[in-house]
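First, the structure itself, so that you have it in front of you.
So that you can tell them apart, the chains are marked A, B, C, D, E and F in the order they are listed, and the count of residues begins at 1 in each.
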Amino acid sequence: MRPSGRAVDELRKVRLTRHYTRHAEGSVLVEFGETRVLCTASVEGRVPRFLKDRHQGWVTAEYGMLPRSTHQRMQREASNGRQGGRTLEIQRLIGRSLRSVVDLEALGERTITIDCDVLQADGGTRTAAITGGYVALVDAVRFLLDKKQIKTNPIHGAIAAVSVGIYRGTPVLDLEYAEDSEAETDMTVVMNDVGHFVELQGTAEGHAFSPVELSQLLDLAKKGVNELLMQQSQVLKA
Amino acid sequence: MRPSGRAVDELRKVRLTRHYTRHAEGSVLVEFGETRVLCTASVEGRVPRFLKDRHQGWVTAEYGMLPRSTHQRMQREASNGRQGGRTLEIQRLIGRSLRSVVDLEALGERTITIDCDVLQADGGTRTAAITGGYVALVDAVRFLLDKKQIKTNPIHGAIAAVSVGIYRGTPVLDLEYAEDSEAETDMTVVMNDVGHFVELQGTAEGHAFSPVELSQLLDLAKKGVNELLMQQSQVLKA
Amino acid sequence: MRPSGRAVDELRKVRLTRHYTRHAEGSVLVEFGETRVLCTASVEGRVPRFLKDRHQGWVTAEYGMLPRSTHQRMQREASNGRQGGRTLEIQRLIGRSLRSVVDLEALGERTITIDCDVLQADGGTRTAAITGGYVALVDAVRFLLDKKQIKTNPIHGAIAAVSVGIYRGTPVLDLEYAEDSEAETDMTVVMNDVGHFVELQGTAEGHAFSPVELSQLLDLAKKGVNELLMQQSQVLKA
Amino acid sequence: MRPSGRAVDELRKVRLTRHYTRHAEGSVLVEFGETRVLCTASVEGRVPRFLKDRHQGWVTAEYGMLPRSTHQRMQREASNGRQGGRTLEIQRLIGRSLRSVVDLEALGERTITIDCDVLQADGGTRTAAITGGYVALVDAVRFLLDKKQIKTNPIHGAIAAVSVGIYRGTPVLDLEYAEDSEAETDMTVVMNDVGHFVELQGTAEGHAFSPVELSQLLDLAKKGVNELLMQQSQVLKA
Amino acid sequence: MRPSGRAVDELRKVRLTRHYTRHAEGSVLVEFGETRVLCTASVEGRVPRFLKDRHQGWVTAEYGMLPRSTHQRMQREASNGRQGGRTLEIQRLIGRSLRSVVDLEALGERTITIDCDVLQADGGTRTAAITGGYVALVDAVRFLLDKKQIKTNPIHGAIAAVSVGIYRGTPVLDLEYAEDSEAETDMTVVMNDVGHFVELQGTAEGHAFSPVELSQLLDLAKKGVNELLMQQSQVLKA
Amino acid sequence: MRPSGRAVDELRKVRLTRHYTRHAEGSVLVEFGETRVLCTASVEGRVPRFLKDRHQGWVTAEYGMLPRSTHQRMQREASNGRQGGRTLEIQRLIGRSLRSVVDLEALGERTITIDCDVLQADGGTRTAAITGGYVALVDAVRFLLDKKQIKTNPIHGAIAAVSVGIYRGTPVLDLEYAEDSEAETDMTVVMNDVGHFVELQGTAEGHAFSPVELSQLLDLAKKGVNELLMQQSQVLKA
């Protein structure tokens, strides 16, 4: 039995609120149950140095948690003077995932930065960030298309992400904090809309997982991602 | 005429939403028009080193802006590796202001940290932070009283803050970004509920201000702070 | 009774020594009693990045305390790896104050940096720095005029700064350390030579101050600043 | 056809040289073809702060590349003043992987740090580091057993790691740099000696991979890890 | 012919002013011609961590240059966020030199920090710092003896330092900036009052120096150090 | 009697292995007994900013120790966030020494960086680094000559370095760790192939050294450097 009473293959209630703040070209509040992440997409007319004169754009991400988004207050990374390893790992993951559906040449010499800031954490912040960040990215691209700054849509697919894990011996979908902190195995799965894998990050905190368990986890993930892709699609039609 | 059509002594619409997030002992979303700041108050059972064995508590504040809370995306301070001068200045101001109404000995050997994170900026983030931070502080203290961790209320007054400035030659109350970025003089006024000054920070960006102008500005500030104190009081009764 | 036996409206003995060191375009040792600050003005033929191609100059300040300028040795900020919040706050204040009397376009595309380094601290280092920094700035501008690097004097006014505060219930002028460390209210006042305010930073360490007290403090400040302006004027004639 | 002429399921020549340096409790040079990583295991009689009074030990890892271990010289992270995101990600992966086979309570209150420093890079440095780091860890534990500092062996399994990827459309085992830099999909697989997964990190650089491709990759990985486990076992018997 | 007209074996005018500032236990302004360094000695009742429970004291030094002590303004190290290599090298040299004449056990569990801050630079700041730092150290020790915090004098010798170099082919004593910036060889010599070497740091900027040249340089240094030791002795008698 | 049984004027067994790694233009493993340092020389087609438009090249060095190259594990400087004073001092020494034999104009607008990374430390790492770094530098220059990127050899001499010191009252050559950690006086001597001094850094850890002792130390150093120069010459002929 899961703490929330959810079925093993049941997502938390997911909400995607577009235009949540007003300055960013894309701004989405994504909620996976009690997890709330603000994803903004910012367009800037320049590229990082390593892409100078390469006639292409860039999509990147930054991730942060508000100090009291968590049960215990965490130290503010800005005041620590450095971003921790977990933060860097997550923002690299978000950036790679989103780039997998963008034609960077078609984007032109500009950068879209997806800022994912966790207002409230209850497990699954990175998967919420990717799922919401995708919607913010689409909004920013629509902004560019509307302003006729680009002619063709550089986004050639959709992605969403979900966590799966083995909780008290049973594979479950979309772990909340109470499950996550106790899970023996934890996996982040990023998939696209043709059912292929973009990122797969499985970690055995407690015990290693067998090929059979892997297979069960991936089935759950597929179901979850499909539901998320549907929700993204609906909210983007609105 | 002000860009918003407000009267010179008119505050923007102010909203104070308590219990905005769930983990913090106090959590308030404060809105001054389009400016939105999330203020959380976190209680921790220890004091900074410089207060070791002094049998007293501490109240402190940290301030941050989400990278795209602003018109142009700002660099994330965590990734820069240091908090800027403006950030440090503002969080020192918030902390001093809030400490002015707390009996630190009555608080006992614990620290309350007020995190003020700007979700959307449209001028006046520091005054919103102080005004909302006060409400979060009260909620955190009520939490301690409820849990019987302290016996008497260490808060002995109320404070609120507002900005005033000279915009196109006229003293006005509560500047929004369009006014602020153009104002010749800008002042932050923190006052308590007996009409005394806790902090006064006036800066002449454009031209120095005369004693007469100062007097006009302080009158506007007094009116604004009184309205804010009333709103705080009402929301805290709810 | 003040520790020094001074009258409530009496400045400490102030000395301004020009040409204190030899390399800088302006170099002034300023002493407010036992407080000694070395202010140098350095001219460089470039502007910060944010002023690129704006056809104007810049005036900025940096502030530091020698580790043993104080009663207890402080840690060296260079070895800590960052300037503290107080330092950043003070150097921003000095820079803003001095810019208020400079026509940055007339200065041309160059930067004047005022370095204020405290050799000995006894209260009032920031007001001494502004008062002495102004003299160093004038000397640097005279250097530019002498060398015919600029044609017209970009300085269009004079400023000086003084602290006022409430010490044991009485408003007093120009607090020394023994008073400052005990003062209930502390205010830094920067004024120009037509009696207008450039910066006003009042802080209620102990108890909030009333409008009447504010008025008394500002009267004291005005008297103090006038005397300082006179001394600046005399020393600049020499 | 692979650049090296290897079969698709063929590892590079792997060498594990124990006692490569003399000060560390465990010291192993691991070579996967031209990739050479020095793995040392250091025992220290204390634990990180977050494990204080928890009556357990810790195993952690640090990773670095010599500046000219690569084709182009990289900047030295020590002189940059921070470890990059890739470095932090890899050292977190190595640490988690190795902890998965250690009973931290049986280790007692001590820390074993596995330093993995890349002398020469030709793809697969992280998998080499895990594979060699395991041998260094075993040597350090044997040192503790020999010195009778612990009574029972806290290591309860063996792990090894290998990379797999899709190179020019074909799944291949153990990518060298020429393949890696061009691979469309890249996966790091850490497995234990009962054929279960400890870590799985798949990234679609070029195109997302299908469930069928995933299955092929995991089969290759299993074959590779088994051969590595055998080599570890042999070298540890010597 | 030297720029100053000095003989090859002639020191610049040296002045040692004790009690230059008031808070430090020792405070000496040392001048070698136009080079001016403020050396303060601060006593603190604790030792660095690596000396914990070793029943001994510590003597250390820190060095800094005011940004405009030099011909061109240098960046402030505190604002750069790190001390440069030259600074660290010099402060390590000063610390080692001074420790060579102190019995650290007799000093007891306390630290004396010698801060050497260059107010004006004209060559030879490190040798001035050592020479003046020694006098400040003696004053701090006398303070401890006066206060009866220690019973016996832990200083068992005297040291002074001077630079020598080959300027336009000729060995000269005590190089000023005009010479130093052009010298082919430069050597810092720290000697004690029995004519032995404490530190010797020779660098061939232009051409390597022969054993014969080394011998000439050391003779000059010996003469210079002897004169400095005499001056220290006289000023300490005053 | 020395711990190793060596004669007082006897070097440890020295080995210079060229082409130790494959990517760098020069790559030398240098061993002085148990001390092993990997020296790579990397050529890059740009110069540091301070040499912009000066039509010359640059030679510089970086130094690092692997965390467990030493008896006790040292903290990794990359993870500390800064290079220590000792590291900076050593890499500055290596760079200056190597520049003394290079005609930087003949090198053209390129930089050669010598990275010296200590794999195993047993005393004398800096002298091994200079001695081995010279060979790596020669190999990098030969690479440039072979590729016809430069026409004339910019290296106009040879250098090598050795340590000497007073161990238990006796001057000895090439101190290993057991001697070094106990030596009363320690000197690094860098000499060229005409017997002149390039760098001389003597430090009296225990007692100051007399002119007679200095002379004995320099004689030992000369003998040691000559043998090292011979070995360099032989290995470069191979």
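By our rule, contacts are C-beta pairs under 8 Å (C-beta built on N, C-alpha and C of every residue); 3 or more make two chains touch, one makes a residue touch a chain.
Since this is a predicted model, take the numbers as computed values, not measurements.
Visitor: Hop distance check: chain D to chain E, minimum number of steps through touching chains?
Guide: 2
Visitor: Quick check on the contact graph: shortest path length from chain A to chain E, in steps?
Guide: Steps on the shortest route: 3.
Visitor: Which of these pairs, D-F, C-E or A-D, matches B-C in more than half of the residue pairs in contact?
Guide: Copy of the B-C interface among the listed pairs: A-D.
Visitor: CA centre of chain B versus CA centre of chain E: separation in Å?
Guide: Taking the mean C-alpha position of each chain, the two centres sit 50 Å apart.
Visitor: So the centre of each chain is just the mean of its C-alpha atoms; given that, what is the distance between chain E and chain F in Å?
Guide: About 28 Å separates the centre of chain E from that of chain F.
Visitor: Where the CA atoms of chain C average out and where those of chain D average out, how many Å apart are those spots?
Guide: Centres of chain C and chain D (C-alpha means) sit 58 Å apart.
Visitor: If you look at chain A, which of its residues touch at least two other chains?
Guide: 81-82
Visitor: What order do the chains sit in around the ring if I start at chain C and move toward chain E?
Guide: C, E, F, D, A, B
Visitor: Along chain D, where are the residues that touch chain F in the complex?
Guide: Those residues of chain D that touch chain F are 21-24, 27, 34, 36, 38, 40, 42, 44, 62, 64, 66-71, 73, 76-83, 87, 113, 115, 117, 119-121.
Visitor: Quick check on the complex: what are the chain A residues that touch chain D?
Guide: 82, 84-86, 88-89, 91-92, 96, 100, 187, 191-192, 194-205, 207-211, 214, 218
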